[in-house]
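Both complexes shown next keep chain A, but they swap its partner, so chain B is in the first and chain C is in the second.
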Partner chain A sequence: MRFTKAMAIPTYRWPRGVRTGLWFLLIALCCVPFADLEVSSLDPWTDLGRLLQGFISPQLMEPTLVIEALLATLAFAFAGVALAVVCGFLLALAFHHPLMRGFCALMRSVHELFWALIFLQFFGLHPLTGLLAIAVPYSGIFARMFAEILDQVPKQPGYALPARSGYLSALFYTRLPLAWPHLVSYASYRLECGIRSSAILGFVGLPTLGYYLESSFSQGYYPEVAALLILFYLLVATKKLWLRRWTLPVFIIGSPFFMGEGMPIIWGNVWRFFSQDIVPSPLRGSDPTWQSFADWSSNILLEQALPGIWNTLILSQIALAVTGIFALCLFPLISRHCFSAAGRMPGHILLVIARSTPEYLLAYILLQLLGPSMLPAVIALAIHNGALIGYLTGRNSNEIQLRLSAPERRVDRYCYELLPRTYPAFLSFMLYRWEVIMRETAILGILGIQTIGFFVDSAIQEIRFDVALLLIVIAAMMNIMVDMIARRIQQNVSR
Partner chain B sequence: MFRILVRGLLLMLLTGAVNAAPVFVFTAIPDQDETQLKLRFQKIADYLQEELQTEVRFVPVKSYAATITAFRNNQVQLAWFGGLSGVKARELVPGSIALAQGIEDPEFKSFFIANSSTGLMPADSLPESVRDLTFTFGSKGSTSGRLMPEYYLRETFGESPNDVFSRVGFSGNHSRTIALVESGAYQLGALNYKVWEAAVADGNVDTSKVQVIWETPTYPDYQWTLRGDMDAVYGEGFSDRVQQALLKMTDPELLRSFPRSGFIPASNDDFEPVRKVAKAVGLLD
Partner chain C sequence: MSALTIQSDGLGYGGQTVLGPFRLDIQPGEHLILLGKSGCGKSTLLNHIYTENRDECALIPQGLGLVDRLSVFHNIYMGRLSRHSVFHNLRNLVVPAEARVAEILPLLERLGLSDKCFSAVADLSGGQQQRVAVARALYQGASVLLADEPVSALDGPEADRVMSLLSEHFASAVITLHDVERALRYGQRIIAIQDGALVLDEPAARLSVSALNAFY
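Right, the complex of A and B next:
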């Protein structure tokens, strides 16, 4: 016994962060056998070919319609994000309160398309539906980020204030000026997300780009699809040119005029929605019994919620792992330690296109091409999020100074220098993105993949808003839980 | 002075609200390719505006549910519904009435279509060999693309479609169902027989790649449904005038876009069979 003990070699333990990453990879691999990853369309290449041909000869549909759709896309994005900045800032001031924290978590854990589907039921196709669908979740997101930014501001200037300075003076004279640049840069990043969200809202009937994308696509008019997509990329890519300090107020003030007229709001509908529609149907009758309510809820849980949750988990874990692999492969493309300025150009273009295409749209396109299974969803989530994280990681890698002894060969430099040194940042981006991927996975159900969004959509199609709301709340709880777990892991890793 | 101004303003607002007859808005279930629907219903809007002497507007929506919701929310007053969506809408809006249906609608049917790679041939019943193939419905809320096919599948196999087929999808509309079965994305599909016949007649479908393998027994389907409170808003006898306008639509071009050979009166009771089937399948409470 003593002999073996003396001979024991000190075992190497992988760093905590690497182990975390490998665990995620292992979980994803375990999910694969349960996932439906089949290519079910007989001939995906013909359709893909037709789509690419569309890009070679794009064809604009009626220009006035397109311009209206573009303006509406911008209008919803600007108005929604502007409203969310104001609300989010106010909420951020009270963010230390646990109740407020929970409230904001709930707002942001429900996807903007779900919000749109909820508002559609009582506002109908009114601009307010689109405006709130963006403003509500974004307020929750802003509240959290703004609160974090304000917390990280150095405290020293506050100590220099006169003893009886009020809360507002402290805020306006010490914290806000220091936090301002960060607030602005975050809001500007969110505006880009807002344009994407706004475009997607067209899929449920609002007059933005998605409306025409969906109808052209579902009819197989690929040249029109290509033209609309090219326009969308141009819009996002040229943001720096048309979005200036002085144009911003013009856009925000002008936006209400370009949201389309929609249909008038009837307030009785709003009241009916909250007082009847979302009350569980067994409780609506004159003599509700607990038995009927229990039957109703257990039925929904077993038949819809559980399969939905299961598929959402499976799909999002696989997508998360593939996203990570994608990001690690992509980030060197824009790293100054791997390519010259000119050499990085193609990488930049690729990443901009991939990350500005909303995953919902990508999944929609891939579903048409590959047929209905989880595969198109995994690819779509991985392309969009992988490009985003690849971009952030690449930017992070540009900030590091190489050691003098860093390897010369690019492959060695990547493996032994860049990868280890950017990995912690990469992992924290991934952990942050986990919840987003989960939220997107749920929403992709609307396209027919049987995640929880599929059952929400079915309930809405059957005009069972009580069921739909229950499922949306369940999806929200899942997101909140994943968010909490991700944060716990993050704390553990960085300890 | 100020009080007079306020009163004047209020009065203006009130009279304005009373005088301007609200725009009469209608919609339709998006059961086919959108371009076709837009063409069809813009013509109908022009026709109704002429006949009813009031401003008429068509609003396109993206889903069957959105049609029902808009009708229920009184954001549209008239709708071209399918059997199931009409039953649901009338249940949600007490007093609303089925006004007119196509001549073909009392005896509507669904076609089951199959990709030629399956080797399936037309038959008098659904063969056992469709088991474990992939299958697509149309929209989740469609009568001829979902409800009736599901009902007959359950009747034939005694199981839910999910258990019969290896994969069950929802294409979204009848045109998509044809496209998906033709391309082989799904091996089987079920759809509105009128849409199929129109697509074949227009040469929009390659019948060497996809063909009809079974047709369902007949059932009542599409109808125009109007909210019940219209006479109070647009004047006495308005509902009758809408019905008359629909019934005397004879312009072949208008009718062909549906495609129906004409319209006949309908009543809520005509759709009782659809309601029963929907209850049996679990799509209605």
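Right, the complex of A and C next:
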């Protein structure tokens, strides 16, 4: 067929959001050659088989121990999150001040395991260590989110109040009641995260689930590992049943009694930590010179911080991209536009399990199976975060009302209707998650991957807390920067 | 023989009956206009006809059903998704096929959208978006048009241009309108719905504006 008039075909440009996504993908691909992604264990399949067999015949270790571990996990989560809610709310009221903003950013940019490692040095294995390890970063998180929620409340009720009503009265009569449901639902979501964090704290020695998981795993008692994991899933999945309005105060008031005895705090240690341990070693002597301090810091920067930062960046960019791909593949499983209610059940179960398994735990298990490389870390981060973002995106897609004449073939429907409609939400979940993935990547170093957490952990083992603290601060700065970049991109995309 | 026969024991949603039992025959070449107050069941009837006769019909729903992040081109192309392979659809989403663009450009020109081919639908005005939905229906190439207020966001002359384009393009049509004059101009047969029943079914030639105003 010929056209009488030659028509100029205009050039097509991908939408801004798509280009942003592709840039992230490209960066991740460029990172791959620098990443150590090999499987170094001799026979990963046998071990995986044994682990799965454990799930078929799970075996409970001593029941009293397990119950104690579960209760301790809940106790640290409830007490830590409750304390953080109170502190976070107070901080949120002053959040508009730039100094406060920076302070909160610093609190939440340090991972709870890093906080635990810090507090361990001076409180020792005392319940306060676990409590603060959760409460401090969560306060920073709550402060930011609560401040955002309080800002989004409709303004008219506040304006309509008589003049000189007073700040507190205005807060309690207008902003707080208006924001209440959102505050509660966010706190409840965070409580779930708190249970995961609390379980993980066991890996550094607190008496929560992670402690027993690690000891069973390292001895190869897979049926015990399976039993503990199943109990953990049940605990999270049945949250709605045991967590009611009237049980909440019981849990919070009861929690201090289930955190274990721990060791008594030696206050001399606390004093020594601040006055000596964290002071850079060249400055500790009687005549510190600038030269020795410069040598000390350049040494740490070149030999530990730089490789740590490099590996953290490489690993987190790859993990971020794989997370995105996972999420885009997973979300149709729970979308009502793709499957019937019954057809969505397997997807829901898969996503619940994947997102309630902490990435640290997944990485630990996969590292045992695949051997030490970045591969298990990438998979672990992508499974947990991909399932979470897949769940959020799927929920977002269920709010879409498709036209009656929407494409019938599932692939067409996914590509032409669901993907373009949910993509903006997906992208903002991803940008929000970027910082979280970076923070987790740093922490996975404790397991032996050479991200910044690896160098922190070795410094602590060598009892060089000055070095450890410097590295933790560097990791925190990285997270704050990523958070700022992510916000910039978000503003740019949604413009 | 009629082009479409629609029969129902009653239509509704949420357990409420909006439209009582009826039978409707649409002859080939017949353009039927549905009139009635808002909420009288026009859209329900239209959606019912569409679900029963998906293969022959092109639908312009009241909400338009455009994907506003995608370009005008892609939204119009969606009218023919089922005619092409999944592979071609995917490829066309990433890199628009020249042949498809060449098919769609003349349509855009007739609808006054020729400079908007690759603009995101979100960046268009309400009237432009409505014309994109019209273009999608035209491009689909079905024989029967089902349109729910297809020109509600267009001004007078523009609305007439789009209506005549639709009338010449489709063999048969069922269109809801709220403009009585326009209904008489473009419909061969007028149906009015009132209190859950089809109360009027007459050739347009026998009706007048004043007679039809009674149904509003």
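By definition in this document, the second predicted complex is superposed on the first by the 484 of 495 C-alpha atoms of A that agree within 3 Å, B and C clash if a C-alpha of one lies under 4 Å from a C-alpha of the other, contacts with A are read in each partner's own complex, and residues count from 1 in each chain.
To be clear about the criterion, a contact is a pair of C-beta atoms (placed from the backbone, for glycine too) under 8 Å apart; a residue touches a chain by one contact, two chains touch by 3 or more.
Only a predicted model underlies this, so the values are computations on that prediction, with no experimental measurement involved.
*Asks:* In this superposed model, does chain C or chain B come into contact with more residues of chain A?
*Replies:* B
*Asks:* So, does A:Ser41 touch the first partner chain B, the second partner chain C, both, or neither?
*Replies:* Only chain B; A:Ser41 stays clear of chain C.
*Asks:* Which holds for A:Pro15: it touches chain B only (first), chain C only (second), both, or neither?
*Replies:* After superposing on A, A:Pro15 lies in contact with chain C but is clear of chain B.
*Asks:* With the two structures laid over each other on chain A, which partner does A:Ile463 touch: chain B (first), chain C (second), both, or neither?
*Replies:* A:Ile463 sits against chain B, while chain C stays out of touch.
*Asks:* Have a look at where A:Tyr416 lands relative to chain B and chain C in the superposition and call it first, second, both or neither.
*Replies:* After superposition on chain A, A:Tyr416 lies in contact with chain C alone.
*Asks:* Can you list the residues of chain A that meet both chain B and chain C?
*Replies:* On chain A, no residue contacts both chain B in one structure and chain C in the other.
*Asks:* Can you name the residues of chain A that touch chain B in the complex?
*Replies:* Interface residues on chain A, with respect to chain B: 40-43, 46-47, 120-122, 124-125, 203-205, 211, 214-215, 218-220, 263-264, 266, 269, 281, 371-372, 448, 457-458, 460-463.
*Asks:* Write out the stretch or stretches of chain B touching chain A in their complex.
*Replies:* 25, 33-35, 59, 61-66, 68-70, 72-76, 88, 92, 115, 117, 134, 139-141, 167, 169-170, 172-173, 175-176, 179, 183-186, 283, 285
*Asks:* Any idea which chain A residues touch chain C in the complex?
*Replies:* 3, 7, 9-13, 15, 17, 401-409, 411-412, 415-417, 420-421, 423-424
*Asks:* What residues of chain C sit close enough to touch chain A in their complex?
*Replies:* Touch list, chain C to chain A: 47, 50-51, 54, 58-59, 61, 63-65, 67, 69-71, 73-74, 78, 81-82, 86, 89-90, 93, 95-96, 98, 101-102, 105-106, 117-118, 120.
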